[in-house]
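One structure below.
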Amino acid sequence: MNEGLRSELSKQGIFTTTLGDLYNWGRKNSVWPLQFGLACCAIEMIATTMARYDLARFGAEVFRPSPRQADLMIVAGTVTKKMAPQVVRLYNQMPEPKYVIAMGACAISGGPFKQGYNVLKGIDRFIPVDVHIPGCPPRPEALIHAFMTLQKKIETQQLTGVNRPRHLDAEAPSEFPVPKFGGHDLEPPNNPAVWHAPKLVREP
Amino acid sequence: MFMETAIDTPESKYEILPKTLSNGEMDGELLEVAMGPQHPSTHGVFRMDVVLDGEKVVKLKPVFGYLHRNHEKIAENTTYLASMPYTDRLDYLCSMTNNWAYALSVEKLAGLQPPERAEYIRIITGELTRLVNHTCLVGFLLQDMGALGTPLMYAFREREMILDLFESLSGSRMMCNYMRFGGCRVDLPAGWLEQAKRAVDSYSGFLDEFEKLLTENEILVARTQGIGVLPPDLAVNASITGPMLRASGVNYDIRKVDKYGIYDRFEFRVPLGDHGDVYDRYMIRLLEMRESVKILNQALRDIPAGPIVDPKAKLRGFRPKVGEAYGRIEGPKGELGFYLISDGTPNPYRYRVRPPSLINLTVLEDMCLGQDVADVVIILGSVDIVLGEVDR
Amino acid sequence: MIIGEFFRGLFLMIWRVATDQPEAKADLLAVFPPSARPVISAVLTVSPIIGIFATLFALTTLLERKGLGRIQNRLGPNRVGPFGILQPVADGLKMLTKEDIIPRSADALVHFLAPVVLAVPTILAFAVLPYGRNLVPVDMDAGILFFFAVGASTELAIFMAGWSSRNKYSLLGAMRAIAQMISYEIPLIISSVSVIMIAGSLSPVEIIAQQGRYLAGGFVPHWFVLTPWGLAGFIMFLIASLAESNRSPFDIPEAESELIAGHLTEYSGFKYALFFMAEYFGMFAVSGLAVTLFLGGWHAPFEFLEIVPSYVWFFAKLMGLVCLFIWVRGTVPRLRVDQLLNFAWKFMLPLSLLNLVVAAVWHFTAAWEFPGAGLGRWLLGAVMIGVPYVWLGRALSGSKKITQRTYRFAD
Amino acid sequence: MVMETLEQIKARIENAISGAKPEIIPNESPSAQRSLLLDPAHAVEVAKFLRDDSQLRLDYCSNVTGVDWLDLIIKEKVKVKKVVEGVEKEVEEPVERKRPGYLEAVYHLYSMALKHGPLIIRLRTENRADKNHVPSLTPVWRGAEFQEREIYDLYGIIFDGHPDLRRILMWEGFADHPMRKDYVEPDDYEYEPTPHDEVLEKTKQHHSPEPKP
């Protein structure tokens, strides 16, 4: 059914939907986050669920303490090298479909603590991230915006074809290797399947 | 037995320990549980390796470092002023007092004296921070006790009002980066004092409401009284500070002892507990909030006009003389100190944070032994830790 | 022809149900051959029950989230459909399509069976509740006994879940659940025994029939909750049923801040949804029983309101109790395991046994005929249960040295 | 209450504990917080004395920290007698003296009973490599427990007599002591948006410059 026919029908009071749209609608409106905070941003994440900002309006106040029941991991704060394996493991323990929001500068890139010897320079070195929120820490409104961005992303996903989401692609991995503690650094320091160093373009 | 093989978490030490009777025979098994680093009640990324006999705790070892983000190393590689925003992120619930402690230490090191108005602003923002911290702590404590968010929601509602004040003052809700060596960054915006007065005036009403909801709740009383008792001599020897120390009955408040800033001008009392259990720690914080409201009322009444920065202080090329200084304040969580060694360069040679949260955890095992798992959670909650400060 | 008969029967059935008439299914069943009638009859009975309670479950989750939101002065879900009414649908869709994980080291069979074993008895318990005048799925003489018998098997399911997950938190949760549910089963049953004694019947229909009279010109219903033993029994029944359905402040088996999610820690997707549903179904069932035993079942509060269809009253009372549960959940912190068990064995059990004596006294003083006898009976019962309540409460809290404290101040 | 001066305390320590040789470390900065250097052999005894002495009662060990002092080359001019052109003369000559590096543990002591302080005591190791032992003061003040563990973790000072000396912040199996001044970080600067000199050098090792068309 094409878009024109569908809008014509809806004008007549007949709503049509496809199974895929229904699936996306269900996923989009019931994103339960994992109750998981790392650092400063976690407080703003909590503030987002509180009375003034009320993430519950989107049906997302069901913070699940167990990764098995969660859909969304909000990586809120600095991921240290000591914590990174646990973060990856938690991600692996979540059932598909699962999403990741990297909240705050630290989770994106190490942020202000980038120079630290124990700071992972961005969680996207190990797991795929759906939405990045800049800020240190981002305001609750920014988290809500990221949440809505994620909803939009889910809504527009094609369930078949090359652009289908990762969890519907049998080839794509659902679990990612957990890094090990080495003598000086994590081993490996990043997951090359997920992340590669950006190209350095600098004026001479 | 069915628990012998480990779950696929190589890092956690899931193992069965033999439990021996007095005659040396094996009797049952002890259960070792790693609570954390991701656990709803550990207030961040903190791990407790707990050995349980049934539900009773027989051993508890805290494991730190999951948020060790090298604050001290970074600070030693940058200028004095550039560390100021990092101090915000130490104890991320109370950035103002962190700023204050750092500014105080540098002022000691460099011999600066903030002007009167700046001292007043520091006291106002510092006490507001104490209100924020204690309110949130009580909310989190009740959350740990299973009150499903309602007290926390009320606490955060009040927190937002104070955060509005901080935001209009410094431009940021949580990470204020407001104080400077020898004063404060900007002067109060127009109308700020009136807004602050309104917030402070409504706060006693909120505290009454909060106490009505909680303090005499029978379940709260039954869950907290006699739990996690900390005797005063152990508290002193283990360098416990802040409300936790005073709940054990030791009269030591740095605002009174050091009289830093201009605290000697204000009239306030230091509440002391007699039992040193979770209930006392909870009550001491509530009483401290009432005293803070008193201080705030006096400060908001008396604040003079004038400059806000010491004219001697300079932002560029700030190089303190060779030497060292240790400055400390009574932070909401306890003694927050900064130890600085200067070698005459723009960067500190040694920069050290004395974290109250970490040191208050020294006695965690002592308080938890013999208690239930459910008690461990609220004892930890009553210690009041923020992992940013514990691990730095 | 047959189709016409079928629709006529269907229409008559709906009409009779809606207007409280007996033998609602008769015309519809007559369409079918006699050999098929028992099966068709069962389907006709079961499907509305499951449908209605599933809808009620969805609405209650929304009501709970909205209600908790209002208690915590925020809005609650409001983006999906008008007023967020479609939120449970979205949640359900997502749960159904979520990946189902069985941990590598778990006992796969038991892990799979546990939610089924939990869901079946909670639905079975609905069979004996009278939902309205002439609306009882199975009119069993020993209905109450059946209810408690099937209700008891939920403990097994929870233990299966906790044990098979091979997770330490799950195991601790399961242990707690067993201790808690077995302890509270006893006051739950004993507090309903007083009703059975007075009514002299184990049949829910008979118990409701005995509460169908009105006093004082139709303005005071003859509900058991309005007697001293009934009131005490009702309160104890409510407390015990909170514990039975693992609701706050007795949500110890799945204590979020202590045991992650207790026995549910390793469950994901649809199995988790089943657990979730069974928990709510259990709450409905036990509230339904409370309505039946103490609140006069489907009878209206005032005689002139009996014209309103009876099932409306039943579900109104049921939802009232559910709202009470939500209110409690939003207000109080959680108890500790030992306190919970102490409360069950040292406080609830003696009081509920004593309540039996009070009920017996009530029964034997029915023959009193001096002026003010009714009030005298009432006061006698109230004193008999009230004085031990106060005494026991003091004695127990006194032993724990819980005191009012004063604080010193240093200047 | 005002504490005794550092000189008085030093004299009393020397009186009370034979063989203890505390040394006053000056501090020229406006804070004027001078400190007392203790010799490791008597440190625990001195610490007990400081804690239990009725006039000091330093029962509260507030802050314990490590400091890393690198090898230092001190340039100074020394007058030497030299035969210059047959005449013995006194000539100033630049001499480079090498002060070997050491690690230091600094304790800030206060008194909760008498409400005074701080008294700062320091313990030094002999060098930064192998002779890095100092006695632990945790048996005297339990508050030092985690902080000494932290110093062990980050600086590599070994505290003899510490009840539970393990790494606290870094993971078990981590090889380095990252707060030392000569610690080299693992090189994972793949890119850096703000070009610091040092970082630019590092990035050059990873990236060849873009080929010019």
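Chains here go by letter, A, B, C and D, matching the order in which they are written, and residues are numbered from 1 within each.
Going forward, a contact is a pair of C-beta atoms (placed from the backbone, for glycine too) under 8 Å apart; a residue touches a chain by one contact, two chains touch by 3 or more.
The shown structure was predicted, so the numbers you read here are calculated from the model rather than taken from an experiment.
Asks: Which chain lies the greatest distance away from chain C when centres are computed from Cα atoms alone?
Replies: The most distant chain relative to chain C turns out to be D.
Asks: Counting in whole Å, what is the centre-to-centre distance of chain C and chain D, each centre being its mean C-alpha position?
Replies: Each chain's C-alpha centroid was found; their separation is 67 Å.
Asks: Quick one: chain B and chain D, Cα centre-to-centre, how many Å?
Replies: So the centroids are 27 Å from each other.
Asks: With chain centres taken as the means of their Cα atoms, state the distance from chain B to chain C in Å.
Replies: Chain B and chain C have C-alpha centres separated by 44 Å.
Asks: Provide the C-alpha centroid distance between chain A and chain B, rounded to the nearest whole angstrom.
Replies: 30
Asks: I need the residues of chain C touching at least two other chains; which ones are they?
Replies: If we look for residues of chain C contacting two or more partner chains, we find 72-74, 256, 260.
Asks: Going through chain A residue by residue, note those that touch at least 2 other chains and give them in order.
Replies: 50-51, 65, 82, 117-118
Asks: Among the residues of chain D, pick out those that touch two or more other chains and give their numbers.
Replies: Residues 169-171, 178 of chain D each touch two or more of the other chains.
Asks: Could you classify the connectivity of these chains, where an edge means two chains touch, as line, ring, star, complete or other?
Replies: other
Asks: Output every touching chain pair, sorted by label.
Replies: Result of the pairwise touch check is A-B, A-C, A-D, B-C, B-D.
Asks: Going by the contact rule set out above, which residues of chain D touch chain B in the complex?
Replies: Within the complex, chain D contacts chain B at residues 27-31, 33, 35, 59-63, 65, 67-68, 106, 108, 112, 115, 118, 120, 141-147, 167-171, 178-179.
Asks: Write out the stretch or stretches of chain B touching chain A in their complex.
Replies: 9, 11, 37-40, 44-45, 65-71, 73-74, 77, 85-86, 89, 92-93, 152-153, 156-157, 159-160, 173-175, 387-388, 391
Asks: What residues on chain A touch chain D, complex-wise?
Replies: Residues 82, 117-118, 121, 181-185, 189-190, 197-202, 204.
Asks: Give the list of chain A residues in touch with chain B in this complex.
Replies: Of all residues in chain A, those touching chain B are 35-40, 42-44, 46-47, 50-52, 65, 77-78, 80, 82-83, 85-86, 89-90, 106, 112-113, 115-119, 136-137, 139.
Asks: What residues of chain A sit close enough to touch chain C in their complex?
Replies: By the definition above, chain A touches chain C via 22-23, 25-30, 50-51, 54, 56-59, 61-62, 64-66, 68-69, 71, 93, 95-97, 167, 174.
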